[in-house]
Structure formats: structure tokens, C-alpha cells
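In what comes next, chain A is part of two complexes: it sits with chain B in the first one and with chain C in the second one.
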Partner chain A sequence: MDKKKIIGQAEQRWDAIAKVKGQASYTGDFPIRNLLHAKILRATIAHGYVKHYDITEAEKMPGVVKVVLPEDIPATPYATAGHPWNLTPEKRDIEDRNMLTRHVRVYGDDIAAIIAKTEFQAQKALAKIKVDYDVYPVYLTPEAAMAPDAKQIHEGHDNVLGRSKVGYGDVEQGFNEADFIVKRHLSTPVQQHLHLENQIAVAYQSDDQRWFCLSSTQIPHICRRIIAQANGLPWSQVRVKKPFIGGGFGNKQDVIIEPLTVALSRLMGGKPVQLALTREESIAYTRTRHAIDFDFKIGVMKDGRMTAIDCDVVSNQGGYASHGHAVGGKGGTFINALYRADNLRFTAKTVYTNIGTAGAMRGYGMPQLVYALECAIDDVATQIGMDPIQFRQLNHQPDGYYNQFGKTKQRDFRIEDCLVKGREAFNWDQKLAQAQQKTTSTKKYGVGMAAFAFGTAVWPFGLEVAGAHLIALPDGTFKLHIGATEIGQGADTALSQMAADTLGVSFEAIIRDSMTDTDTDPFDTGAYASRQSYVGGYAVKAAAEKMKQKLIERAATTYDIRPEFLDIVANQVVYATDGDLVVTVKDLVMASYYDLATAKALETHASVNIHNNSYASGCSLAEVEVDVATGQVTLLSLMNVHDSGKIINPLLASGQVEGAMAMSAAYGLNEGLVYSAEGRPLNNNMLDYKLPTMMDLPDLDKVFVETVDPLGPYGNKALGETPTCSPAPAIRNAVKNAIGVEIGKIPLTPEVVYQAYHQAQATVEGGIADV
Partner chain B sequence: MYDMTGYHEAHSLTDVFKLMQADPTARLVAGGTDVLVKIRAAAPHYADTTLIGISRITALKGCTLEADGTFNIGALMTFDQIEHDSLIQTHLGLLSQAVSLVGGPQTRRMGTVGGNICNAGPAADSAPSLFTYNAQIEIQSESNVRQVPIAQFYVGPGRTILKPGEIVTKIKIAPEDYRGFVGHYTKFARRKALDIANLSCAALIKVSAEQRIEALRICFGAAGPVPLRMPQAEAYARHQPLNRAVLNTIGEYCLKDTQTISDWRNSKVFRDHLVTILPGRDISMALRGDEDEAIG
Partner chain C sequence: MKQLVNFTLNGETVSCEVDVRKSLLEMLREDFGMTGVKEGCGVGECGACSVIIDGQTVDSCIYLAVWIDGKQATTIEGVTHEDGTLDPIQASFIDAGAVQCGFCIPGMILSSKQLLAHNPSPTRGEIRRELSGNMCRCTGYQKIVDAVQLAAKRLDVEPHARAAIPFTIEK
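Take a look at the complex of A and B:
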């Protein structure tokens, strides 16, 4: 009997029509009576202490209901990172902030708030608050913050907030044996998420006297916990709902404005209060991608075998711990996941500074690591004169490699297939040869590539649980409740496909909900770590299998047929062997509601705790034109090749890959948040922060090396973040191929490239350009 | 959030003068692509503002060509209209090309050339080409009409010679300032759209039958507090042959008149390097349609 496979089909995302028709409601779209509006007063220094507030004028401003100072609300220190709660106290995120503070650690720190009848009135009144500061020295870099005489940014806590070390063998011996040693210092900029919908939350006391928060969050269940902790409330006394959300990219995997919004409503006796950030606030005062500096040292033999890899990492945390050392510290596992070396050492530290707080951002440390690793590896290949794809083929880990740092056997690890397919699909050899021929006096051409390996979800480093709940509806459709969070990526659609596929019903027979509700949706830690279609997929599969079993049992009893003879195909219960119709799912479920003798509604629940990890991999290939007179780099073509197991929905997968490629290409070429010497963000708007336009990007080509992952619930593994890993280094390596200069920092702005090229022209010695 | 205290709609120039008299602190707004952005950002002098909308005044719209060849470009012509106007495309190709690079399609549909020069941003995309065309700005008040060369119109960043009660009505370009000239504009920005120039350069050139430079006009944007013509480079170029060495020397001469600075976007060293590169590229593009290969 031929079953219609719904997994692998380009189903239209279930919310597409609502979004096109303007029916999709986001947090700011819900009408709420008597809504008050809050704005945050932001510090105009980056490090210091507020000695005194003068609020007399502000209080008199029209519409102002209350000026709120730190002393007016709870001051329990709490942590904001969207990690599951940890029962082991020493493994918890660092609780280093208050909702409002007199201790200023970043420019724009939340030092007071104003509640007013309109947002505009709150905004106008902000300017009337006068603030006196004690001003402390500002540390923009880890080096400055680690200086012996540097002040502790968090009193009683060293400015180095986390250190780690992993490795095997003896790297010094490896370097002694090497024919060549390549040393590279590589640095990455502060990238920001620029999700289209800025942070927004509404809070009020609901009719059950609990605290309700409607929020644009990736992590509703974690958000509930952190609101409760910051406000000193029992967790059950907080309810969070998440409607449609306009992107997050990890910035909403941090609980930034919700605790304060609830605190302000509590201060107002439960009246509804909305806090909505502007674009300028969202860029400057929420979270960023950590700027990380890498020192790589790689020993290599003439034949291409690597004798040692030594990598030292310094990660710039900014003013608060947020996700902290989890981001900068994870690199060792993924160097080891991708490359073999006789000896490996990975050391990392994460350091508090006074720039904007860094947190989670799509790829979670991997775009930084892969950029640096793949620049260094590519320079090693250049050093020994080997084709960069061939060098990676020679050195990558084999399928089935046991990664001792990740405590995971990398089953179905298809990097080799990606490299082979990438070379062919990109026309690498032809483009490489043509690049040299096309060169003119000012225009130079080059190709470059980069590879990566990436885990799916966070096991064994963290908790991986998910839940799903299915209710059969009278007409034979099924309502799917999940705790996994749709944030624009298409998770709801992919998880619905999974439910339909397992149940044997059509995709349209699964009904999702735009709202995630911590009261009614099963526990799931949320949208991050490329985990939802994987961990959430197991939960959906389990709930759907149970439902299918219930349906079959009911049919078996009703129609007196042994259950093992039955299957569900295309919304019908049939004889498995020949497809003869027994009963439609619709009639079967209708009876489960209304049959006087046997009615019993069909519902299933599943909770899973997943103890495995499937390693994804892939590569990017890029072709650039470099105008050496101006330093302008034009990206001519870019291709990503992905080993992500089974592709659940090719249309959604393409969307994920294209968006991430754009994000990474701009990371390599143009994006970066810049601070003044005083720690003030200089380009926190969409004009000065150079998010790419469609005109700045070539066609984005993507290829999937599709296999069926032996562990993934539907043969799938990570794809949400993986495409952000390798485009930036592929572009940097293409620029190297074009101009013969190994630039050690991104973004490759015209000035950086021009200076590097001309400095190299002026120097007899080669080596990395220090710009 | 827009801190506006009122809005008046003017339907004629008479309306404008009346409204300006009644509320001398009110601000004129045409397409709003600068004024509204500044109000939202609460820029100095843009808070608590009353606006006088002028975008429906017919007298300020459209473009006419007088019998003697003088162009009259209405102050309310949008960038999009200028880009696509066939007369402007034919005779003032440099201007048409320059304004096609403003922001994005939405900004070009709303933003006006009059607004662009009155906003007096040093990087305004319409300004360098208007400088090279020796444009005359016609300014009207209730009792007076006057014309000033565009080079005298700018006072500093965001500041012009406009006095209270005055409005720019049109931009005039004389036939001798465009006939026989070709030009090209380079907007040096980090994005291909939705961006503002880090440096910009317009070059307008007339070449003699002997393939020598008969006249050259160069104007830089974002190379000083106001758009700047390059008198020393222009004087040097007169009667020079067209070759790579001359183009390079023109670029070097431009450094004598630019006033670049270092800021977080770019260093002065880099900007000065670009100053030497862009005029030659513009000239090559204007004459050969290729920025560096055809001349030399």
C-alpha cells in the first residue's frame, strides 16, 4: 500500500495566509483596555553609579502616572539567559542583574522607568529626569577589563566570569614535529540580531489574581520562571503567552523586558502596562553576538596531516553575564567534531566589559569559531600549497567518529559528501581557474570555501525535554499543542507535518495554534539550539504514535478486526495488507465523541527527555570581486551545502538557509556594532548598522546532501542555525584568493580591505595583515 | 513617536506665506523623508514642531524647459520623477543618475529635490550634480523672488541661507551649463541601497574635438561640511588631454579643496585616498561607460 509521505513535502506554512492577509496578531496588536505605557530611562554613561535622581519635573509632565526608581521594585538578583533551570546551584546562570539599577555597567543600562498614559508622554517625561553619576573607568575590551588595576564590574566577582580548557595529547610536541606552524590572530565584531519585531511585552493581573504577560519571546516557559524569580513570585503565579512573533534569532532567548513589565504592573495594582522597545533600544540595549578573539596555532606536515591545533579564545561578554561562558567555551567540541589532529588544546575565557551585553544569537558561538577556525585552516592549506577542499577532505573527522568532548558518536556525519558535492555543484575548479584570468588592474577575483560541524540541541551539556498533546476533533482533524515555539522559522509547520505523517492523515488535518500558553501547552524549553524539529519532533512523534494506536484500537474493537491488521492511510483506517477501507478517521472520531455506548474523547500526551545528539555538517563556497583601489568586495556567488539529514520541508529549509546565508555574508562583509571610547553605541539604527539589502546579495544557492539520520525522529538534524556558520569565512578566504592577503578580522569593509591590501603591497614579508 | 504639535496644509504659495507668518517657528514639510525622521529622532530644533505641508502645491511641481533651453525643476519634483523624466534624462543625465541612488524606492517616491537641498545634508545625493550644473536656486517670499547659485545656498551642515518666510520654489539650470556635457556620479556607500554616501562625487565634463578636456566640473559630497566644488582640479584639467596620468593628477588636485575628516565610519586617510580615485572613475564612466579600463 503506497503511503503518502508528508515528511519531505514543500507544504505551505500553516500561517502563511494569515500573515499575508494581515490577520496574524503580534504582541502589540491585541487591544487592551486602559493600557498604560512604560519607557526605560537609560544611563548615559557606560560604567558608574547613580548617586541621585531628580524626578520632580518628570512627575509633573502630562500623562505621567509614576516615575519608578530601582528602590520601588524588587531587587532580587536574577539571571536572564534562556537556559533550562538547573537543580544544581553551581551550574546555574549567573544572577547578576536587577530589573532597574543604580549600578551602571553598560551604556543605556536600565536606571529608572516612567509609566504614563501614552508611550509618547512617557518618552517626553524621560528627558526631564536629572541624574547625577559617579563615573568609573570604562573597559571596552577584555584586555582592559583584565588589567591588574581594573575595577570589578560586578563587585565581588572577577571580571573573568568563566574559564575552560579541553584537549588531548601534547600540542607542544605536535608543534615540534610539524613541518610548518601557522599562527593566526582572528577577531570577530559585535553582531546584532535585528529581528523585525522589537522586544515588546504587556503585563497585567488577570481575573484569577495571577500575573499575566503577553510577550514576544522564544522561550515562554523559561520566561515564566524568570519573571517569577525576578519578582519573587511562585512560578505558578505567572502565566506567559506568546502570539505570532517577528523573529528573534536568539535575542528573544533571553528574558529582557518581561520581568520589569510585570513589576511595573504590580506597582500599578495590576493595571495593564506595555513596554515596547524602539529599534534604537533593541539594537543597543538588548543582547548581541559576542565579539570573540581567537589565537590559533596549527602544526602541519608537508603532506597535509595536522600535528597539533591550539586555540585560545577570549570572549567579550559586555556588562552582564546573560548566556556567559556557554557561548565562547564550546569551541573545543566543534573543532574536534570537524578535524583530526594528533594533539589538540582549546582554552577559553569570557570577560565582563562595559560594552552591550552579549547573549544568544543564531549559531551560539559557532559563527565566531567557524570563522576563525576556517580562516586558520585555509591559511594552513595555502601554506602547504594544497587545494583547500582537498585539505579539508584529508583532515576531516570520519563518519562514525566518537567525539570525546561531546560524548557523542557522530553517526551519519557527511562532511565528505558535502565537500565533494560542493566542489562539483559550485564549479569550484572552473571558477578557481577563471578567477585568475579575469583579473584587471583594479579588479581581482577569487573563490574561497569553509566547512563546519554542528550539534543538534544541547545534549549532553544541558537538558533536552519537549512535550506534545494531540486532541482528535469530531471531524477527524487533530489539534496539536506543543511547547516548542514558532518564531517565524516554520517550526509549527514542520511539527504538523510530522504529526500528520505519523498519524496517516493529511497535513491539513493538523490544526496548530498561533499562541503558546504556559498554562495549557506542554513543557518545552523553547526555540534555540536548532532543537525544535529534533527534540520537539520526538515528542510529536510519540504523541502521534499514541493517538494512532488509540484510533486503531477503537477501530479494531468497533469493527472486530485484530489491530495488527490495521493501518491509517490518507485519513482512512484500512487493512494494512490491501488497503481495503474499514472506516474513515472522521467517522471513527465522530463516534468517539457521540456514540452513546462507547464515546470517549481521544487525547494523547507525550513528554520526552532526549539523550542523544546528531552532528550536522556542511560547507560554503564563495566567489568575490575585489576592487583593490577602493577595497570594495562584491559577492558574486555564494553556495551552502548542508548535511542535515532528512529535509522535513524543502521550502522552509530553503528559507532558513537563505536567511542565514544573508546573515553570515553580512557578518563577513558589513555588520558590526561600534562603540565610542566612552562605551556609547554609535550605530544603533538601521541606517548605520549595515544589514544587507537584497541588492547587496547574489542569488543564494543551496544544496542538501540528504540522508536519513539514524537517530533523528524523522531522520532530521540541525538546520536552523547551521547555515550561519560558514559563509563569512568562505568570503574571507575568497578575498584572500583574490588579493593574496590573509586578513584577520571581519567585517571586510572597504577600508579594512584597502588598508590590508596596500599594507601587504608595501611589505616584503607576507603574513597576516594587522589592520 | 513624533513630537508634532500641529499640522497645516498649504494648497498654494499664498497659503504657505500666510501660514509661515502666522507661525514663524513652523517647519515646511514636503516628502517628509528627512523632516519626519528628524522629528522621530527628536533632533535639535525638531521637537515640539508644527508642520506646514506643501506637497500639494501645484506651482512647485513638474519640470519645464524654457525656449532658451533653461531648465526649471520644481522644488517638489520627487527623486523618482527626476530619475524618469525624459527631458531630464536627455539633457541632465547626471542628475537623473544621481537621484536614482537615493535611499530606496519608497524614499525616491516621497522625497523631493527641493527638500533634499533645503535639508542641507553634506551627503545629499542630488547636491553634487546640481553643483556641477551651476544650478540657480529660486527663493520666494511673500514680497520677493531671488535667485542664488547653489554653491552660495549652503551655509553648513543642515543650514542654508533661507530666511524666515522664504521657500525654495525651483531649481534653474542654464543651457550653457549642460549642453555638450556628460557626467557621472559615484555614491560610495556600504550598501547598494538604503544608504547614505560615506563620500560621493559628481563629475561633469565637456570634451573638445581634439579629445582634450574643454571643461570639467567636480563636486564632492560628504568631503566637508557642505558639498564642495573642486576649483583647483577643474582649473588644472582645462585643455589637458584625456589619459590616465591626467585623471590621476585631477584626483590629486582634488585634495587641495576637500575637507575630509576621520570619524567612526572612515578614516581621513581612506577618505582622501577615495578623493583621488573617484573623479577619474566618474570621468571614465561618463565618457566610456567603464570606470577604469577605457582611458589610459
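Take a look at the complex of A and C:
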């Protein structure tokens, strides 16, 4: 009997109805009685020390309940990064911050707070606090912060907070053998997540006398731990719930406002306190994507074979460690994941500065690395006059490559298929040939491409655990509890499809919950690293297999049939061979509740610890028109080709890809948070920070080279972050193809492109434009 | 200072004593429990708080509550039919896969409703222009454009025939 496949179907996401009705409740939508409101006083310098606060006027303002200074709350240093706790102290994230601080390390640092009856009153009172600073020199760049006389941003800690080095072979030998050596300096901007829902949390003492926090977090279980650590509470005394989330993209993988919100409620004797950030605060004072500078040096033979790759990385951390060197150092294992070269050296350092703190953002260092790598690789192809796709085909790692840095055999690694498919689907050869014809004196036309390889989840570098819990309900449906976090990406729906598929029931028979609760949902580290449908998938599969076994055992006993003869198909227990009905799942489960003699609840739990990693890959192809009179780049078309193994839900998958392509296209063309010389953010609003609008993007093309990954729980591997990797460099390479200038930085704003083009016209020898 | 405002909210006549400094967004959320109206920026940039006032889409975060006096306002809660069933635009957003985190969706649907009211068969370019005041970070907008096109097709036929029009992408 044929089983209806639920994996691979475009099932409707279970939460869509609530969302289109405006019925979905996000953190700020819950009615809470006697709610107090807090606002944070932001430092108006980027580096210094608060010598004195004058709060007399602020305390007299209407509605003010309390003005809170750093001395009023616990001062245990803690780390905000959403990594699992590490039992080895030296491997833990750097604990370098307090909930409120007199030491100012970034503009907008949290130097005091006000609790008032209304948010408006708290806001008004903030302006009445007078602050007297000692002002220190401001370091905006790693170079400035690494100067010999630079002041330590964190006393007792070098401004270089992390270094790493990996490699093999002898790069100098490789360069000696090379026919050509290409050197490129490439830099990336500060990008911000711009999730539509700003950070918001509510905390109070619940009726069990513990501390409750409702928050828009990607990582509820980690959030609980960090709240407890910052507040000096036993972990069990904190409970975190996460309702619907209005996007996160990694910013909510940092525990930013929750510890303070709980601390303020504790100051208020447990009364409920809400802390909601404004858009301006969320852009400037939460987390960003690290700005990273890359120096690439690549040796290549005339026939296109690469002899050596040398990459030196400097990552701008901003004022606090957050995810720290984990982001800047990540690239080390992904150059060799994609390209062969007998000699490789990757050195990286991450440096404290006084710009906004950088943290996790979709792709976690990979969009930066892939941008730089794929610009450099493309320039090497240009140098030897080889078609860029062909050059990558010549140099990419084969399927089955053992990645010694990632300690992983890259099984079913389908980059070759992606490149072949991309060439064909994009009409690469035709478009490349047409580029010259279409070009006029002012409008230049070009095509470009870029490739990537990407791991799924964080093994072997970090913990990979997930849990699932299934409860059979009397009408034959199943409540699925998972610790994995739905943040808009559709994880809940994909995981529900997995449960239904394994159980043999319809998708509608799986019931999810909008709320994740650290008290009742199994432990899972949360939404990051494209891990949830992979690691969470194993947990759901294990729980569903156990449930199926229990159902079959019950049916076997009740109907006196050997269990191996039975299967579950379309909500019915049937004979596996011919599909003859034995009992419906509904009747079977009903009996498990109410049969006087045999009733016994059907529940299963699973927790998994996953020690494998499946490498996804893909490429982007872009087509641009450049107006050289203005420098304006128009993105005419953009295609992503992905090998992400089995696609669990094609509608959700293409939605993920489109959103990520848009994020990366804008990374290449528009986005960047900029600072004044004093370290003050200049464009922390949605007008001046150029988030693309609907008019700024073309329709986005995507192709899946679908395979069944041999390791993934349902043949699947990473997809949530992978599409953010290659669009930006594909666009840069298309601009190169159009105007013949190898620009070394993004975003490619009209100003950058105009200057690069006209500078290159002035210096005929060309080379990379340093603008 | 407070002022009494009388207006029509989702077809119902209502009134409220409101602080004159309050925005319509704040009044709708706090005094009427219309939490489908979302605040994404508070300064009229993102469109998450869009509502329809007398046939025009408005960012309710930069519209004073007192200005609503005597007018008709529609929020996302007023788009869902009385019996709880979905409007064809809402259904089209689901079918086209236009919903991810969902925070921008109420505003998107209201802007789409307003667009389709005065332009029943918009091109993709017209949709992109008309909805450019509503920002989304999840979708790259493509499936939202798809959803509006699908809704236009469905609204063009009798209600009983709408469900038969499937989601197919046209470009």
C-alpha cells in the first residue's frame, strides 16, 4: 500500500491563519495587569566612564517609580552569546559585561534605567538624568584599537580578543610554483538584522515565587541560563517563554535585554516590568553582523589549478565580546570545504573596538567569508582568462572530500551539480556573450557568479542536542512538544511534517504550540546554525518512531496480530502487505485513554546528541546594469542554486531562499550601518539604513539540486542561512564584468561604483580600486 | 489632556477618552485590544501599523488618535469575515506562502486590500510600487507580490468559485 508522503509536500504552515488574522500574539500583545515600563539610559559617548549621575530631577518626574543605577543591581560579569554552556571554563564565551555599566565601551551603552508607570513617562524622565563622563579615545577600527598606545577597552584584556590559525602544506612553496599571484584586500560593512519586531521582554515573579520572563528570543533555554547567571539565581528559578517572534536572524540569539528586565522586576519586588526597545535602539544598540577585512593571496597556474591560498582576517567586534572570535574565525574551515589547493593558510583575529557590538547574524561569518573568497577567486579566473564557472569546476572539492578542519567527510557534496545546473538554468553562456552587445556608452551590462559550501549545525565545534515529546490525544491526533524555536522560518511546520511522515498520520494530525516554555518543552539549544530541521529532525524522528512502535504494539496486543505484520498508513493501523484495516489510530488511542482494563497514556520522549555534519553547497548568478554616469547598479536578475539535500517543504524552502537572497543582495548593494568619528551611529532608522523595499528587488529565481543526504534525518541539510552566502559576491562580480573594475568593498552604492569606475578610467592599468 | 473621540472601528461605532498625545496605534492596541496592529518603527517608516481610514492606508503610529474622530477605521481584525472565515486576500497570503514571521503581514494585507479596491488587476510592478511602504525582512517580498496577484484573480470571480483558483506563479 502506498504511503502518502508528507515530507516534500508544500503543507500550509500551521501558524499562517493566526498570522493573517492578526490573531498571533507576539511578546508585546499579552495583557498583563499592573505592568511597569522600563527604558534604558544610553551613553552619549562611545568610550569612557560615568563619574557621576544626577538623578534628582528624574526621580521627581511624573510616573517615575525608580531610577536604577549600575550599583543597584547585580554586577556579576556575564556573556550574552547564545552558545550552549560549556563545562570547560576556558572554552566559555567571554564574560565581559554587566547589565548596567559605568564603563562605556559603545555609544548607547546601558548606563542606567528608569522604571515608570508608562513607557512615555519613563522616556520623558530619561532626559532629566545628568551624566558626567570621563571621556576616553574612541577606536572605530581594529587598526586603531591595535595601535601600541591604544587603551584597553576591557581593562586587563588585550584589545585583540581572539586569534586562530589553520592550514596545511607550505603556502610560500605554493606561491613559488605559481604562474600568477593575485592579492586582494576585501572589506565588508556592518549589517543589521532589521527583524520587524524589536527586542521586547516582560518579567515578573510568578505565583510559584520563581522568575518568569516572556521574551522574543531564538534561544529560550539558553536565555534562561543567562538570565540566571547575570542575576545570580539558580537556573531552576528562572522560566522563559517564547511566543510568536517577529523575526530574529541571529540578533535574538544573543540574550540582550532579558537579564536586565528580570533584575528590574526583582528591584520592584517581583512586579511585572516590560522593556521594549525602539527601532533606533534595536538597530544601533543590540548586535550587528561583524565588519571583516580580508587579505587574500592566491597562487594559480596558467591552466587554472590553484597552488596556494593565503587568507588573513581581521574582524571588528565592537565593544563587547558577544559571539566573538567564533564568527571571524569560522571561515577557516570553509575555504577548503569549497576549494582544493595543496597549500592553505588561514589566520584570523577579532578585535574589540568602540562601534556597536557584533554578534550572530544569518550565516554567522559565512556571508563575509564567501563575499571575500568569491571576489578573490573570480579575480583569479579573470587574471588567467578562464570562464568563472569553469574555474570553479576545475578547483572545487570533490564529493566525498574529507575536511580535516571540520573533521567531516563531505558526503553527497553536490557543488558540481549546482554549477552545471546554474550555468544552464541562468543561460550563463548566452548572457555572458550578450553582455558586450547590450552595453552602451553610459549603461554597462554584466553577469557574475559566486559559489559557497556550508556546514549544517555546529558539530564538531559545539554541542548539538535536541529533544522532542509526543502525546497521543484521544481523537488520534498528536501534540508535538519541541525545544526547537519557531522564529518565522517555518521550523515548526517542517518538524510537524517529519512527525506526521514517520507516524503515518496526516499533517493535520500533528498539533504544535506557538509558545516554547523552558519548563515543559524538552531541551534544545535553539534557532541558529541552520540546525533545527537537521538536529531537531533527528529528535522528532526518534520520538515519532517510538510512538509508532507503541501504537503498533497496542494494536498487536488488542487484535492478536504479530506486530511485524502491521504498519500505520493514513491514520490507520493496517496490514503492511495489503493495507487491510485493523483499527483506526483514533479508535486505538481512544482505548488507550478509556479502556477499563488496558488504558495507559501513549507518550514518547526523545533527546538526541548528534555527532555528524552534512555540507550544503550552491551558487548565485547575477545580472546587472550599471549606469556609469551615476554609479547606480540595477539588479536585473538573481538566481540561487542550492544543494540542501531533500527539501522538506518546497513552499517554505523557496520562501527562505528568497528572503535570504534579498538580505544578501542588499548587503552587496545598499546596507551598512555607519558611525561618526565619535562612534555615534548615523543611520539607525529604517529610512537611512537602506533596507530594501518591494521596489528595490527583482523577482528572485531559485533552483534546488535535490538529493537525499545520506546522513540528514530526512535526507535534509542546511537551508536557512545558506542563501545569504553568495548573492552579494555574485553581484560584485557582475559589476566587475560590466565595468571592468574589481571593487574591493561592499555595499556597491552609487558613490562607490562611480568613484571606482572613474578612478579606473584615470589609471589605465586598473587593478583593484581602493575607494 | 484627554479628548473624546467617536469613530467607526471595523464596522462598529465606538468612542474613547484619549490622551491627546496618543497615536492611533497606541489607542487601537491599548484601549481597543487590536493587537493585530503592530509597531515596527513608531515613526512611519515600516508600515507594520498600517490601517485603512476612510479608504486610505495610513501609518497609525504617526496618526494622532484624536484625528480619527468621525472617521471609519479598518484594522486586520476587521478584514476577517464576521463568521471567522478568511477574506480572499488573507487566504491568498497563506496559499502563496507569503507568511513567515508574520509581523508585517497585517499591514501588508491592509495595504493589499486598499490597492485591490482601486486597482482590481494590478501588474507586479504596480503591486511593488503600491506596497513599497510596507517593509518585510523575511520574504524578499516575492511571495507577497504573488499573493496579491492571486487575490486579484480570486476577487474577480464569484465567491463560490474562488477556492478553485490555485496558486500558480505568474511573472
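To be clear about the criterion, the second predicted complex is superposed on the first by the 771 of 771 C-alpha atoms of A that agree within 3 Å, B and C clash if a C-alpha of one lies under 4 Å from a C-alpha of the other, contacts with A are read in each partner's own complex, and residues count from 1 in each chain.
The definition used in the following text is that a residue touches a chain if its C-beta (ideal position, glycine included) is under 8 Å from a C-beta of that chain, and two chains touch if they have at least 3 such contacts.
All figures in this text were calculated on a predicted structure; none of them were measured in a lab.
Engineer: For A:579, is the partner it touches chain B (first), chain C (second), both, or none of the two (neither)?
Structural biologist: A:579 sits against neither chain B nor chain C.
Engineer: If we overlay the two complexes on their shared chain A, which of chain B and chain C does A:24 touch? Say first, second, both or neither.
Structural biologist: second
Engineer: Tell me the contact category for A:488 with respect to chain B and chain C: first, second, both or neither.
Structural biologist: Touch partner of A:488: chain C, not chain B.
Engineer: Of chain B and chain C, which one touches more residues of chain A?
Structural biologist: C
Engineer: Does chain B (first) or chain C (second) touch A:16, or do both, or does neither?
Structural biologist: second
Engineer: Regarding the shared-chain residue A:670, is it in contact with chain B (first), chain C (second), both, or neither?
Structural biologist: In the superposition, A:670 contacts chain B only.
Engineer: For A:245 in the superposed arrangement: first (chain B), second (chain C), both or neither?
Structural biologist: Second partner only, chain C.
Engineer: Which partner does A:695 reach: the first (chain B), the second (chain C), both, or neither?
Structural biologist: both
Engineer: I'd like to know which partner A:682 touches here: chain B for first, chain C for second, both or neither.
Structural biologist: The answer is first: A:682 touches chain B but not chain C.
Engineer: In the overlaid three-chain picture, which partner chain does A:120 touch, first (chain B) or second (chain C), both, or neither?
Structural biologist: both
Engineer: Return the residues of chain A at which the contacts from chain B and from chain C coincide.
Structural biologist: Looking at chain A, the two contact sets intersect at 120, 686-687, 692-695.
Engineer: Please give the residue numbers of chain A that touch chain B in the complex, ascending.
Structural biologist: Chain A residues touching chain B: 119-120, 123-124, 440-442, 629-631, 670, 674, 676, 682-683, 686-688, 690, 692-696, 749-751, 754-755.
Engineer: Spell out the part of chain C that touches chain A in their complex, as residue ranges.
Structural biologist: 21, 33-43, 45-46, 48, 75-77, 79-80, 86, 90-91, 93-95, 97-106, 109, 124, 127-129, 131-145, 171
Engineer: Using the touch definition from the top, list the residues of chain B that touch chain A in their complex.
Structural biologist: 1, 3, 104, 188, 190-196, 264-267, 270, 273-274, 277, 292-293
Engineer: What residues on chain A touch chain C, complex-wise?
Structural biologist: Chain A residues touching chain C: 10, 12-13, 15-26, 28-29, 31, 120, 193-198, 244-247, 249, 278-279, 487-490, 651-652, 654-656, 658-663, 685-687, 691-695, 697, 699-700.
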